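One chain, chain A, links the two complexes that follow: it is found with chain B in the first and with chain C in the second.
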Partner chain A sequence: MAAITPRQRTGWATANFVVIALALIPVLWLVSLSFKTPTAVLDPSFIPAQWTWGNYSGILTSSQFIRPLANSIGIGIISTVIAVVLASMAAYAVARLRFPGKGLLIGMSLLIAMFPLIALVTPLFTIERALGLFNTWPGLIIPYVTFGLPLGIYTLSAFFREIPWELEKAAKVDGASPFQAFVKVIAPLAAPGMVTTGILVFLACWNDFLLAISFTSTISARTAPAAMQYFSGGSVFTIPTGPIAAAAVVITIPIVIFVLFFQRRIVAGLTSGAVKG
Partner chain B sequence: MAEIVLEHITKRFPDGSLAVNDFNLDIADGEFVILVGPSGCGKSTTLNMIAGLEDITSGELLIGGQVVNTKSPKDRDIAMVFQSYALYPHMTVRENMGFALKLAKTPQATITQKVDEAARVLDLTQLLDRRPANLSGGQRQRVAMGRAIVRDPAAFLMDEPLSNLDAKLRVQTRTEVSRLQRRLGTTMVYVTHDQVEALTLGDRVAVMRTGVLQQAASPKELYERPVNLFVAGFIGSPAMNFMAGTLEEGVLRTSLGEFRLSDRLRREVESSGTGREVIVGLRPENFEDVALVSPDNRPHGITFHATIDVLESLGSDVFVYFTRELGHGVNSAELEELARDSGRTDSGEGGETIVARLDAATRIAEGQDAELWVDSRAMHIFDPATGRNLSLAGDDDGGAATAQTASGADAVQPDAVQPETVDPNATATDIRAVPGQAGQAGQGGEAT
Partner chain C sequence: MSTTETVTAGAPAEAPPKGKPQLSEGARAERRLGFMLIAPAVIVMIAVTAYPVVYAIYLSLERYNLALPQAKKFIGFANYGAVLSSPYWWHALYVTVVITVFSVAITLVLGFLLAFVLHRTIFGRGLVRTTSLIPYGIVTVAAAYSWQYAWTPGQGYLSSIFNNSAPLTNQFQAIVVIIIAEIWKTTPFMALLLLAGLSLVPEDLQKAAKVDGATGWQRFTKITLPLMKPAILVALLFRTLDSFRIFDNIYILTLGANGTGSVSILGYDNLFNALNLGIGSTISILIFICVAIIAFLFIKGFGTAAPGTDIGKR
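Then we have the complex of A and B:
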């Protein structure tokens, strides 16, 4: 590799700056909006002339946002746990076992992952109405798990493949049942993979708007992204821009914390030292 | 403690390849048995079947008198040491060693006591709270051994436990393994592809090739009385020299010269019904510098001249290499496999390189035309078609066998013939059946 010339350096710096600016400016604009007073939302200045916590205090005291936020957290966590547990078992089977229909299973899960969600909304809506799942937590958890599984199986089977098979053999010889071997030896080693998968599935649930808006009708099951569109302004003629911006900031914060907190865990592998490297 | 009996054990993988074919072996209580063979010969598969990690396609496996074919590994009371050690990376050394006991719901106090005891024996006490990632290769190997002995199992299974250590440590650990086995007196089955390890460790060594057991005998027996070409070529370092020979009127013509066969040997070879073309096997130590052979011994062999290509002096011995015309060529699937396994190729100049081990007192120099002597009493004669060792043929009928030479005061005295020794006739049949399957079995073996 040749050394980087100053010209190349400048080029890359410019490109990086443009990309980062394009990604960050809307976010900063959103933050800025969330601190503006209702009358100042049309003010084009980037920094609010008058700072206010009003939008935040407004949404955080309103059940129209607090309840959906709780729904989002609850539904997200439950879906993630179920999806990761099921996906790790399925991924283990995919990575380690030979069984009839394995190719079909992988194909099906890929198909589910590829299928445009919008095409499924109408039939799922009818199904959920018929089963009485409409506007309930399970009504969202079930589709979230379904669409989270393919992703989980793919990520986790890659992790399982990395784990030396001899560890499992050793566990079996040491007297472990297949389930014990999985839980006590394989799963702890795949923990980084499970965390990664969990984060990805949780993000998908947390960010979902389409299913959340389609399968809910009241705040008893509506999640935060969907709830934002039902915000009302101070009067009929006021657009609730400030509260929406504040809500958007609030639902972004957990994601940022999540990623910062688990970043190292995702990167660090636990398998080092299992076998002679 | 228990004996392990393998009766007609066969392993066929789902893809149809035959990894182990009709394997029979009785392993006595407390015996140290080595399974040895080139890679892909089915030795690891056999071990995995004993451990219960692979299903047995047909045949019966008995441990301690009980048929355990369908029992899961945990019900077989065996401990295994893996080639990669397979230590659990998320557990400390103490947890690794105590894992089996913990699974067996042993009281914590007992676990601690047993782990401490094993750690003391293996000199691991200082390392008990470390994780495998922070151990050296040799330490990891000891932890793997410790994990096995803590359990106090009926039998130990070892799958190439020393192959990841460097050469010096390997020799050291080899001695430790041997000492440990004697101390514990537990049945041990040990897999290796290293014939030196096999010969030094085992009470008995079972040589395998393409899924078929070739010979199971004491190291001495294997070395001195190999039943076929494969065993002869596999055991011994440097390997036995093979050359083509033609039998005529009791005289064996080879590229080294003409050997006069003893009457007994001649009878055996002729009665075996093979043609006149045979393969002659001579170990490097059967050669000697003529100047160093006592006049009494000289008649037992022949002398010949050779130009020494390479001379390697090890201090205690001198290895000399010289090339001989192949004659009509030595072609045998077994020899080809041996050559492949050792990564050795023919000299490529239409000749065969022959290695001779001479006494350190020799004055032969590189490039010199030397006169060498070879002991014909130690000669092995093989049937090129079946690989069978013809010079042993008579022994199996007689039972009370002498070595392949009837004469000579220092003729090799064989050990008592082991009853488990594979009947050469049966083996020969198996070998004939094998070449067609060799490729498949090879693949199957790799999968282990």
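Then we have the complex of A and C:
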């Protein structure tokens, strides 16, 4: 590498700073609002004039937030596990086996990945009401799994192609059936790809709003993003800015943790299926 | 991702090509396993998407209002006539197209800038990469609340910078705010896709051009851009289709008030406020057709570089 001139150094430092500031300011604004008292909220400065933990203690003791948060976590985890298991099976078949109709499967996944969600909301709403799935966990888990599958099949088949398949051959020579070879040899090697896929699917479930407000009517299945709009302020005349900001921060924390720990994997997963020259 | 040409190392390589009547025992077992492995995923996807879409087509041909269930009746294409002659539909479509075009175009430019910073920055690369992923990961609704409060007159930092303006109550300004929120949220994703394409551009080529006296801009337009075309088109397709179904940001920021509703907001309103399943389904089908047209145009533009055709042939 050529020597870095001081000018280059300042230039890149500025660029880095701008990127970090633009990425963080809206998040810091939420953090600031979440620590403001109801009177301090009326002050547009970033540093709260009066600090309080009240917004957090308020939402974390209210079933209006705790229950949806539990729903978000539960529905997200169950959907992710199911989607990753089903997608792994399909991706293994796509990456490794010869069978007709493979192109059809890929085409279908691609179509679903690009599907306008709203187009499904009306019919699914009607179907879910008829089947008694409306406002239940399965009522959200089933569509989440469906929309996690294309993402999963896409990312996982890209990961599966990187695996040294000679090992599978060796296992077969040793007398393992294709299924045993998959479970005992390949699945452990595929684990990193599955973790990555799991993170992406979970983020998508955690992020969903449209399905969550459409297929729920009470806190028994409503997820956290959908529940925030129903928060109330201290009185009828107070807008619940502080509590909503605190809830937004709480549901953002897992994301920040994921990003900090799995940054490399998230990047690999997001770009694996999409761009290969 | 057409992998039909991949030679399967673990399977008998002499398996006869399909179409021949006789399949070896191994090939048949492999087929069976393949079908078994994809079956659960395929069944779920068909049950939750294909079937509802067909059902939506059927619903769209009916007069069906949940408030007036006894008036349910098959009315053919009358719902389509009603929607397509309604100014609400065309206005929502117009708003959606404006938001999509501007947010995707600006995101592409900013995504490039961000990708360059992530690719080239000399120090602090890990920190910048991690931080720039946060907008991608953050729940759209949470971010939308941040923008809404930032633009609330008397309370928000952005509003106070702009003379206590209240942009969310004005159609044009509200759409600008919605576009900003979209751009902030999606630029990191765009940058990541572009970055993956950028890392495929050989360094030697850049150096050679530099030696030959090409300016930075020339190297960008003559080397980087052409080589990145597939990556750019994939990123644009994903972002366009994603942006076309914009819902969360508008719902939180304006609820579609003052003529800022997208087609998704219109569909949602017809279903949950008007309880009109017939019209709601019609709007769903029309949105689906729009998305299909966008995808078709892009894939025509892709040529052989369509996602899925190039992967696996390495």
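Assume the second predicted complex is superposed on the first by the 243 of 277 C-alpha atoms of A that agree within 3 Å, B and C clash if a C-alpha of one lies under 4 Å from a C-alpha of the other, contacts with A are read in each partner's own complex, and residues count from 1 in each chain.
Definition applied: a residue touches a chain if its C-beta (ideal position, glycine included) is under 8 Å from a C-beta of that chain, and two chains touch if they have at least 3 such contacts.
Just so it is clear, the model here is predicted, and its values are computed rather than measured.
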Next item on the list: Kindly classify A:Ile75 by the partners it touches after superposition: chain B alone (first), chain C alone (second), both, or neither?
Entry: neither
Notebook entry, point to check: When the two structures are overlaid on chain A, which partner does A:Met108 contact: first (chain B), second (chain C), both, or neither?
Noted result: second
Check: Thinking of the overlay built on chain A, is A:Ile153 touched by chain B (first), by chain C (second), by both, or by neither?
Finding: second
Checklist line | Touched partner set for A:Asp174, first chain B, second chain C, both or neither | finding: first
Next item on the list: Return first, second, both or neither, reflecting whether A:Leu30 touches chain B, chain C, both chains, or no partner chain.
Entry: second
Check: Which partner, chain B or chain C, is in contact with more residues of chain A?
Finding: C
Next item on the list: Pick one for A:Glu166: touches chain B only (first), chain C only (second), both, or neither.
Entry: both
Next item on the list: Would you sort A:Arg98 into first (chain B), second (chain C), both or neither based on which partner it touches?
Entry: both
Next item on the list: State whether A:Ala221 touches chain B only (first), chain C only (second), both chains, or neither.
Entry: neither
Checklist line | Doubly contacted chain A residues - partners chain C and chain B | finding: 98, 166, 169, 172, 270-271, 273-276
Checklist line | Residue numbers on chain B that touch chain A, as the complex places them | finding: 14, 48, 51-53, 72-74, 78-80, 82-90, 99-100, 103-104, 131-135, 137, 140, 147, 151, 157, 164
Margin query: For the complex, give me every residue of chain A touching chain C.
Written below: 4, 8-9, 12-13, 15-16, 19-20, 22-24, 26-27, 29-30, 33, 41-46, 86-87, 89-90, 92-100, 102-103, 105-110, 112, 114-127, 142-143, 145-146, 149-150, 153-154, 157-158, 161, 165-166, 168-169, 172, 178-179, 181, 203, 206-207, 209-210, 213-214, 224-226, 228-229, 241, 244-245, 248-249, 251-252, 255-256, 258-260, 263, 266-267, 270-271, 273-277
Margin query: Show me the residue ranges of chain C that touch chain A in the complex, using the header's touch definition.
Written below: 1-4, 6, 8-11, 15, 18, 27, 29-31, 33-35, 37-38, 40-42, 44-45, 48-49, 52-53, 55-56, 59, 114, 117, 120-124, 126-135, 137-143, 145-147, 149-150, 154-157, 159-160, 184, 188-189, 192-193, 195-197, 200, 230-231, 234-235, 237-238, 241, 244-245, 247-248, 251-252, 263-264, 267-268, 271-272, 277, 280-281, 283-285, 287-288, 290-291, 295, 307-308, 310-312, 314
Item checked: Interfacial residue positions of chain A with respect to chain B in the complex -> 98, 164, 166-167, 169-177, 180, 184-185, 188-189, 270-276
